[in-house]
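Sharing a structure, written as structure tokens. Questions coming.
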């Protein structure tokens, strides 16, 4: 059964130095508040996993929390580069970053295989692509019926997965809705999981019997953090702050402005500070 | 784009003698009206696929429409045997039935692989089970990363899949809800597909953005057949007739009573006759 | 005979083995009754999963099929069948699976496929359904079957789902990490695999049953554990709960018979 | 210069290549604009899919990211990302995919990964995202990129996604059954692969552009097709539709800047 707890406790109990950590979210429902708590607690040597590392992973990389990253697209969507990610790869600042790079299809299949307790995923993919030359974790498997050769990648089984969801009930059952990405798979494939939610309610009331629900017994910790996905968004609660994504480009371009921003907005901040972003709900 | 048409036309255009046909439905939403039309049109030499062949497949087998069947559980749920299926396997009446038998997990994975355009599916399955000795379509595949050996089965790609759904809009977009089984996979993995629905509406209005929808362009034909799942059921429309499932045991036990029932209730009937079962909605 | 039937005793004994923390993969018939009795008595927070995709169901009447609307209506959520078998069963999320069969052998292997040769069966049974993977992927397996010479056989015609295989560490040798059948609940006694040989052994005898009856109803020379206890008789609450749900169920399933 | 910009011409030219029957895998930026212009002008029934899982979207403003809430709000339905890549892209359901990149070569291979060596890049680009499998699994690929020497290069640093590989029947030899890039729409001209060699060749030139300009802006000695047409200029409707949606989009994305 999921434990309903505080963000500080959830992170301190479940995220350990050196862990393989997936903080997932495909544009929607990115767990910013939880990621900031990871930075605030000074977690080290993390191996980060995410299909679309965006600003949150730029922050984790720029503060030196990460030893490596497995990913398929590392940019600021619609804006441009992740400057901290580039600085780490191009100049090893603030430390070298080991990268394992895949395509979206491979990552999505690898999460799916992790949730399904399979050791690897297969896909019709990577044909003629140079990633196969630089990533030894892209192999092949042959169909025992047709002889066709498919690409194979290892399943993703993080030590801990962190996601943000819309709401949970008091037992810790969680509802996701809208662009649900790979979050369900990332939680089910992980050893431990933390879910921050916009609100904890008496009755979950999923709109459809087929809604995307994570039952309490498949989640380790549930934390109420209203606004916890900002500047990403929570469908039906508050919109994506595209303005912040645009503004980040300037903040992150320079090491000093980046560090000043981290100090002011993460180190001196608290999870409750995210609540102000939730107030903009229509 | 799906064609909105009559049941007679949908079956006559899309189901051909000798075809591999999946009429799916996991207890819920079994396409009885469509299956009866297949029998009425005298389709021959069909190779049937279904995880849980129940009364509908008993009827198809008993009338001699099927040359073979791929399945994982062939019984009358909670009642007992499928007598026509048994008569075909045990006594070759009315004709021999070639069988390819799997487990549920293998069939579900095989449908999934078909929808994903993969040549085969893999699973942690069949360990110590004798089906591996009698079904040459159960093979093995080795993980290129861990060396683990998994079971492999061919993907399911029917010539035509037939399902029943709750409703469609006038463009032919289809909504399923409740126990959705493998229907989405069976449609996406098939060359052609027929969907009968309880009603055609102006606006589909799925209750959640993550509802189970088949877009018009992924379906061949859509037909309005109210009550078309009886004695199975349509969530929110009418309940399962457990009484009919119990009664079938007696009807099908004997070849003569079976044939009389087919004559009366299929050969002399029309798709519109199913509408009376839809009238019982709460 | 006391005031309960052997089938009632079997169902109630099975229900007692379940706890609040269990996530159960429920089969139709006796398992469904046992799981729901547990839920309605000592284990209100137990999670019941039916292979039709319904998770966390709380049916008011027992389903006739594995996919009655009642299961979906009362579920926390319902997933597709591929997801059920991939993420939830194979994903290792199920603590306890229930199985039964036409035949069982001394190592709790089950046959629900054929009597006679596979290619020319004397009796064609429904087949394995979910059983082969339930048997290997659930944390442990409970089996409910009435004890009879026809069902408890010396040698199976066909191994539909593996229990302890040839006994001993056979599961381990095949790389299976789950426990397999840990308990067989019959209408007259309860069996458990011997810790070493894995041969099913009588550990508990229901009220009014003699050892001789058990021996006569088993198709192999059945062994008794060093300590065999008397199965506690059903409590008033257990019996009443079972009879109430059976009555509701009977009423619900006897609709008007209609032709399609 | 006439009354439209090269970027407007590029977007409108791309939109014209789309039809009502297309199921498009849309990328951010120019492709998103082109697809929505098509939808708002000559192809109202076109199906737009974004890799975030949104199917049949009809956004009123263009998304900044691939997963803006607008896409989900206006979608027919939204699936998980594994389902998107498995059932819909790999499933072969997409007729047309849009790609762009930092670099393209004469066979329409694309690089969005690195400039310089992979292990010690001079510029680390975002990476391939969905591109490697979009390139092989969509029925055909349209590419939109402004023509420049920096972008249209003689040799790629890295093949992120394969177009026509080494040219000729290279795709076939690798067992790929889809067409690959059939059209490259730039800000000053349109290119198509030669039917035999698959080398990109100029087939249409936008208003006011000279052959010399095209030659000077391409990193390889670019070839012209036997028949080269003048790209029809944007219609009033096309231009107005594009400018309207751009204006709505600009307004929508300029919210108040806030710190997290």
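Letters A, B, C and D mark the chains in the order given here, with residues in each chain numbered from 1 onward.
One rule holds for everything that comes next: a contact is a pair of C-beta atoms (placed from the backbone, for glycine too) under 8 Å apart; a residue touches a chain by one contact, two chains touch by 3 or more.
Only a predicted model underlies this, so the values are computations on that prediction, with no experimental measurement involved.
K.L.:
Which chains are in contact with both subunit B and subunit D?
P.N.:
Shared contacts of subunit B and subunit D: A.
K.L.:
Name whichever of A-C and A-D has more C-beta pairs touching across its two chains.
P.N.:
A-D
K.L.:
Roughly how many whole angstrom separate the Cα centroids of subunit B and subunit C?
P.N.:
27
K.L.:
Measuring centre to centre with CA averages, how many angstrom lie between subunit C and subunit D?
P.N.:
57
K.L.:
For subunit A and subunit C, let me know how many angstrom lie between their CA-based centres, rounded off.
P.N.:
40
K.L.:
If you look at subunit C, which of its residues touch at least two other chains?
P.N.:
Residue numbers touching two or more other chains: 72, 78, 86, 90.
K.L.:
Send over the residues of subunit A in touch with two or more other chains.
P.N.:
Within subunit A, the residues that touch at least two other chains are 117-118, 123-124, 148, 178, 180, 184-185, 206, 209-212, 235.
K.L.:
So with touch defined the way it is at the top, what topology do the chains form here? Options are line, ring, star, complete, other.
P.N.:
The chain contacts form none of line, ring, star or complete graph.
K.L.:
Show me, using the given definition of touch, all chain pairs that touch one another.
P.N.:
Every touching chain pair, ordered by label, is A-B, A-C, A-D, B-C, B-D.
K.L.:
Show me the residue ranges of subunit B that touch subunit D in the complex, using the header's touch definition.
P.N.:
Spelled out, the residues of subunit B in touch with subunit D are 1, 115-118, 173, 184-185, 188, 204, 206, 209-213, 215, 217-218.
K.L.:
Touching residues of subunit A toward subunit D in the complex: what are they?
P.N.:
That would be residues 26-28, 32, 36, 51-52, 71-75, 77-79, 81-82, 85-86, 89-90, 101, 103-105, 108-109, 111-112, 123-131, 134, 148, 178-182, 184-185, 212, 230-231, 233, 235, 239-247, 261, 264-265, 274, 277 of subunit A.
K.L.:
Could you pull out which subunit B residues touch subunit A in their complex?
P.N.:
Interface residues on the subunit B side: 117-120, 122-124, 137, 139-146, 148, 150, 152, 154, 177-178, 180, 206-212, 235.
K.L.:
Show me the residue ranges of subunit D that touch subunit A in the complex, using the header's touch definition.
P.N.:
Within the complex, subunit D contacts subunit A at residues 28-29, 51-54, 63-69, 71-72, 78, 80-82, 84-86, 89-90, 109, 113, 118-119, 121-133, 135-137, 158-162, 165, 170-171, 174-176, 252-260.
K.L.:
Which subunit C residues qualify as touching subunit A in the complex?
P.N.:
Answer in residue numbers: 21, 23, 47, 55-56, 72-73, 75-79, 86-87, 90-93.
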